[in-house]
Amino acid sequence: MLNWLKRPKFDATVERREMPSGLWEKCPRCAQIIYVKELERNAKVCPKCGWHHRLSAAERLSLVVDEGTFEEWDGGMTSLDPLSFPKYAEKAREARAQTGSDDAVITGEGPILDVRAAVGAMDFTFMGGSMGAVVGERITRMFERARERGLPVITFSASGGARMQEGAISLMQLAKTSAAVGRLHDARLPFISVLCDPTTGGTTASFAMLGDVHIAEPGALIGFAGRRVIEQTINQKLPDNFQTAEFLQKHGMIDMIVPRTDLKEALARLLRLMLPHQPAQDARERNDDRAVAGR
Amino acid sequence: MLNWLKRPKFDATVERREMPSGLWEKCPRCAQIIYVKELERNAKVCPKCGWHHRLSAAERLSLVVDEGTFEEWDGGMTSLDPLSFPKYAEKAREARAQTGSDDAVITGEGPILDVRAAVGAMDFTFMGGSMGAVVGERITRMFERARERGLPVITFSASGGARMQEGAISLMQLAKTSAAVGRLHDARLPFISVLCDPTTGGTTASFAMLGDVHIAEPGALIGFAGRRVIEQTINQKLPDNFQTAEFLQKHGMIDMIVPRTDLKEALARLLRLMLPHQPAQDARERNDDRAVAGR
Amino acid sequence: MIEPSLAADAPRDEIERRLRQTEDELAQLSKISGGQELDLKDQIARLRARVDALRAALWRDPTPWQIVQVARHAERPKLPDYLSALFSDVVELRGDRLFADDRAIFCGLARFDGRAVAVIGHNKGKDTRENLERRWGMPNPDGYRKAIRVARLAEKIGVPVVALVDTPAAYPGIEAEQRGQAEAIARSILVMSQLRAPIVVAITGEGGSGGALAIAVGDRLLMMQYAIYSVIPPEGCAAILWRDAARKEEAAAALRLTAPDLLAAGIVDEIVPEPTGGAHLDAPTAIAALRDALRRALDAVREEEVPALLSERYAKFRRIGPFAG
Amino acid sequence: MIEPSLAADAPRDEIERRLRQTEDELAQLSKISGGQELDLKDQIARLRARVDALRAALWRDPTPWQIVQVARHAERPKLPDYLSALFSDVVELRGDRLFADDRAIFCGLARFDGRAVAVIGHNKGKDTRENLERRWGMPNPDGYRKAIRVARLAEKIGVPVVALVDTPAAYPGIEAEQRGQAEAIARSILVMSQLRAPIVVAITGEGGSGGALAIAVGDRLLMMQYAIYSVIPPEGCAAILWRDAARKEEAAAALRLTAPDLLAAGIVDEIVPEPTGGAHLDAPTAIAALRDALRRALDAVREEEVPALLSERYAKFRRIGPFAG
C-alpha cells in the first residue's frame, strides 16, 4: 500500500504559485533534468538526489495541513513604506504580483492529521522571506491568537532575516515576535519551529530559534551571519557543511532533521505527545479516519 | 595608614588549629623559608610569591566574620559509620583529634562588616574536606535556616568531594545540599560561593557551583574529575593551568578572583549590593564604625 | 549433580558457556518436538532442569563484585532495549541549545502505557563505534544540559519524566572540565529537585556517581536487582584506599553499592527483580519487571499535586544521612 | 567668519584639527590668566567664540553619515567611561556559567545614585589589545548568555537592569555560529521581554542590529543624540542594495538610523542631548546628560509594579510596525 504521505498533493484551497513554465526542470544540486510533475508529486524533493527544493508558503501549508481545512488569519495585510526607502514600494508591489501573496508569511489555523494547530509558513520567494512589519505582525498575532484559543503553534521559517527596507522597524519585529513566543510558553502551549532552507539573520535570531522542538529539513541552510560576512571578518574559508541543518544539529540547536515526506506525520506525532490530553492515535486508526472522512 | 584588612588577625572566638611547630615554614610553591608569624599576619598568603596557603575552617571564618561575633550553628554533630567502612571510624576519630573540629565544615551566623550572613567554611585538613552526612546536613541546615531568617549565605569550599567512606549516602548529600540551595534561590536570598584551594569532585558538582556569584582565590584548584583520572582516560598530558581558578574564569565559571586580603571587603560590598534594602556604606564610614565599636 | 563435569568452583565464564550450550540444545529440541510431534518430553525436562541448575550455580550468593560485573555486563539490556520494549511513539529530542548534542544521554518524548512521558537516559553503545560516539555512556556537560532542557519541556507540557540511569561516571575529559562538568551536574540536580513534574528514576545498570545522580533526583527511585549505585567505582576506591586497584572486590563490598544495601539506606524505593543470574540472561523477563514497576510508580506520582510532590521529593533526600549528636 | 582660512566645505578632520588647536590655545591662555592675574579677557573671549564657531561648522546640519561617524568615533565615551562616572561600588560579574567569559559584554552590579542596579553593556576597547580581546565590542553567544544570567540575578535580588548599548554587530565568526549566535540573541530577547525587573536601556554609540537588540529590550529606551540604531550597517545595506559598499552615505540616510528618526518611529522614548559635534568633544557634559536621563527613567520604572511593567513592556514592542489593511 502506498503511504499517501509520500505522495502529497498540493492543496487547492490555498492559493498556489505557478511552477516555472515547462515540463522539465534542472535540479540546482545534482543538475539532473527532472519531470516537473514528478518533482511536484514528490513534495518537491528531487527524486535523483533528495535535495529539498524550496516551497512557497502555500505549497508548504498544503503539505502539512489536512486537505481543505486551512483557515487563513489576518489576510490582506500589506506593507507600508514607512521609511520611503529607495525602490521598496515598487519591489513589494512586484513581489505581491509575482507570488500572489500579501507578504512573506501566511498564518492561520489548520488541523494536522486532526490535531488543531496554528500554523505559519514563510515564503522565501517574497523578497527573500524578509521580516518587516507585516510578517512580524502576522506572526505575533498568530502566537497571541493561539494562546487565546489554546492551540499549539508550528512555524515554517524560510527567510533571509529582517527586512532592511523597513530599517529599525523590522529589527523590532524580532522583539515583538520573541515576546509573543514567550507568552505562548507561559501558557504552556507547544511551539514547534521547522527551519527550512534558508533561515538566516533576524528570523533565526528570534521566533525560529525559540521552539520547544526544532525540526530542520535535510541540507537546509540555517545560521545567523552571512557566509561572506564571516569569511571577510575572519579571513578564512568556511567548512563545506557550515550552517547546514546537519551542522546545527551537531552543535545542539536542532532536535530532528526530518525529510519533507515524513514531516506531516512527525508533526502530528509530536503535537499529540506535547498535548498530553490529546488521545494517541496509531497509524491504522489515522488511515481509517481519513478513509471515512474522505479528506 | 595601614588597611587593617591587609593585616587580618585570626579570631580567638573560633577554635583554632595550631600551626606546624617551629617559627619558620617552607612555602610549598616558591620554596622560600617564611617566618610563620609573618605568614599568619598576611592571612597565610606567602609574602614572597603570593601563594594562598590553605586555611582551616576556623582561620577562614576569623578572616571574614567580624571579630568576636561568630555564632556557630549545629555544633557537636559527628559522623557515624553507616557502612562499617574499613578504618573509617578510626580515621574520623583521628581527624577530630587533630583538627579539634567535629567534621569538615563549620557553619553559623556572623556579620561581615556589619552585614548579617550565614557562613559555612569547609576544612580540607579534616579528611580532605570530604562531604559525608555531617557536612551535608550542616550545609543543608545552614541554607534552610538562612532562608527562614532571611539571611544571605556565603560558603567557603575546600574539599576533595564526597566522602567515599559513607558510600552512596555521601553521594546523596550532593542532592540534599543542592536542593536546599534551590529553596534559598526561590526565597530570593543571595548565595555567594567562594571556591578555595582545592574544591573538586562532588562538592564542586553541588552547592559550590550554584552560587549567584562565584569567587575564587588566586591559583585555587577547582574541578570535577581528578587530574590523574583524566590523564588516564584521554591518554594525554593536561595543560599547566588546567583546573585553576584562572582557567575556570576563562571558561565562564568564576565571577571574580579575589586575593584573600581583599576578600572581606569584596564580600561585604557584594552582599550590600545583593540585599538592596541594606544601605550602602563607603569605606570611610566602615572604618569609623570599626573605630567606634573597637572591634 | 546435573553437570558432573563442572567443578563446584568453576569460573563464571565457563558456567556461562555451558549454560548457553544447554539452552541452545533445549531450544532445538523444543522446536523438533513442536514440529514433528515426537515425544521428547523427558529429554526436554532434563535439559530444562540443567539450565536452571547452571543458572543457580552461576548465581549462588553473588558477591558485590559479581553484581558489579553483571551491572556492567556487555549484554545487559541497555537504553535502546528499554526504549523499544517499554515505549511507543518515541521521538528523540537532540541538543542542549547551547553547544552540542551529547550522544551519551538520550532525551525524547514517548508514550508509556499510551500516555506521554519524557524519557531521559544514559545511552551506552552496543559496539565500538557507538561506544566511541557515546563515550561508553559517560556524559559531557552538554548531556546534562540537554536533560535539563527536556525536563523543563516535560514540566511545561505537563508530562512525567522517566529517567533511566546507566553510566560508569561523568566523562573525565579536558573538554568536560572546560565546559563545566561540575556546574552542569550541580545545575541538573538542582533543576530536577525543583521540577514541577513527576520524575520516576530507574537505575538499570551502573549508577556511577555524579554522572548518574545528575538525572537520578526524582520522586521514586527504582533499582534493578543487580544494578549498582556508587559514589566511586570500586577500582577507584581501592586505588585511593589501598593504593591498589586490584583490591576492587573488597572495595565493592565496602561501598555497599547493591540494590538491597541502597534500599536499606533509604535511598532506593523499590528493587525490580531480575532473572537468576542477571537481566542479560533473560532480557524480556527483566524488561517486563521494569515495566510493572514503572507503571506502579508512574500511576502513584501522577496522582499527586505538584506542591505535595515537591515537598515529598525534598523530604526524601533531606532525610538521607545518619549522624551522631 | 572667525577662521577666514577655513573653506566652507573644509573636510571634517581639518576642522577638528583646528578646533583642538584653538582649544589648546584657549586652555593655555586661561591658565596664564588665572595664575598671573593678567587681563587676557578679550583674547580668551575671542578664542572661545572661535571654538564655538568651529564646533558649529563641524556640525552644521549633520548628515546621517556624519552621525554614523560620530557614533563610531574612536574617542567617543565608552562603557568604562560611563561606568566610572555614573556608577559606584562597581563589581564585575564574569562568565556565562556554560562556556566562557565574553569580554565584549560587561556585566556587573553597581550603584547608581547610591542604589543597587545590574549593569549590562557592550564593551568596546580603547586600544588594539583591548579591541582584539573584546572583538571591537561584537559579542559571541557567551556574551548574551552572561547577560541573561546577570539579568536573572537582578530579577532575583530585585534590582533594575541598566543596559548600555554600543556594538557594531553580533560577531560574525565560525565559533559564534557553532555556539548558536542566533539562539543566544533570540533567547536574550525573550528573557529580557519577560524579566520581572525594570530595565532601562541607553544606546550610547552604535546600536548594531541583533547584537544590540539582544540587550536592548526594556521598559525605557534612551538614545544619545548622535548614537545610531540600525538593522544593518550602512555599508552592508549599500552592498546588498547597490552592490557597492561605497554608497554608504545614501544607505545611512535611507535606513533612518538617527535618534530623531527612531523617536519618530516610536522605538526610542527619549533623546539624550550631546554637546555640539558629539560626545567625544566634551565627554563630561555628555555623560552628565545621560546621568539625568537615566535617573528620571529609573525613578519612573522603579515606581511601577512588575505586572504593569511587563504589560507595558510587551505593549511597547507590540505596537511597533505600521502596515496597511
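Going in written order, the chains are labelled A, B, C and D, and every chain counts its residues from 1.
Here is the rule we use: a contact is a pair of C-beta atoms (placed from the backbone, for glycine too) under 8 Å apart; a residue touches a chain by one contact, two chains touch by 3 or more.
As the structure is a prediction and not an experimental result, all values here were calculated from the model.
So which has more C-beta pairs touching, A-D or B-D?
A-D
Taking the mean of the C-alpha atoms as each chain's centre, how many Å separate subunit A from subunit B?
Each chain's C-alpha centroid was found; their separation is 53 Å.
Using Cα averages as centroids, what's the distance between subunit C and subunit D in whole Å?
It comes to 56 Å between the two C-alpha centres.
What whole-Å value do you get for the distance between subunit B and subunit D if each is reduced to the mean of its CA atoms?
Each chain's C-alpha centroid was found; their separation is 41 Å.
Distance from the CA centroid of subunit A to that of subunit D, rounded to the nearest Å?
Using C-alpha averages as centres, the distance is 36 Å.
Got the subunit A residues that touch at least 2 other chains?
Counting only residues that touch two or more other chains, subunit A contributes 251-253.
Residue numbers in subunit C touching 2 or more other chains?
In subunit C, the residues touching two or more other chains are 97-99, 179-180, 183, 187.
Chain contact topology under the given definition, line, ring, star, complete or other?
other
Per the touch rule above, enumerate the chain pairs that touch, sorted by label.
Between chains, contact exists in these pairs: A-C, A-D, B-C, B-D, C-D.
Along subunit C, where are the residues that touch subunit D in the complex?
For subunit C paired with subunit D, touching residues are 97-99, 145, 179-180, 183, 187.
Within the complex, which stretch of subunit D touches subunit B?
88-89, 91-101, 109-111, 114-116, 142, 146, 153, 156-159
Considering only the defined contacts, which subunit B positions touch subunit D in the complex?
Subunit B residues touching subunit D: 185, 188, 190, 212-214, 249-256, 266, 269-270, 272-276, 280.
Mind pulling up the subunit B residues that touch subunit C in the complex?
76-80, 82-83, 85-86, 102, 132-134, 136-137, 140, 162, 164, 166-176, 178-179, 181-183, 186, 201-202, 204-210, 223-226, 229-230, 233-234, 238-239, 242-243, 247, 251-253
Applying the document's contact rule, which stretches of subunit C touch subunit B when the two form their complex?
170-174, 176-183, 185-187, 189-190, 193-194, 209-210, 213-214, 217, 229-232, 236-237, 240-241, 250, 254-257, 261-262, 265, 267, 313-314, 317-318, 320-325
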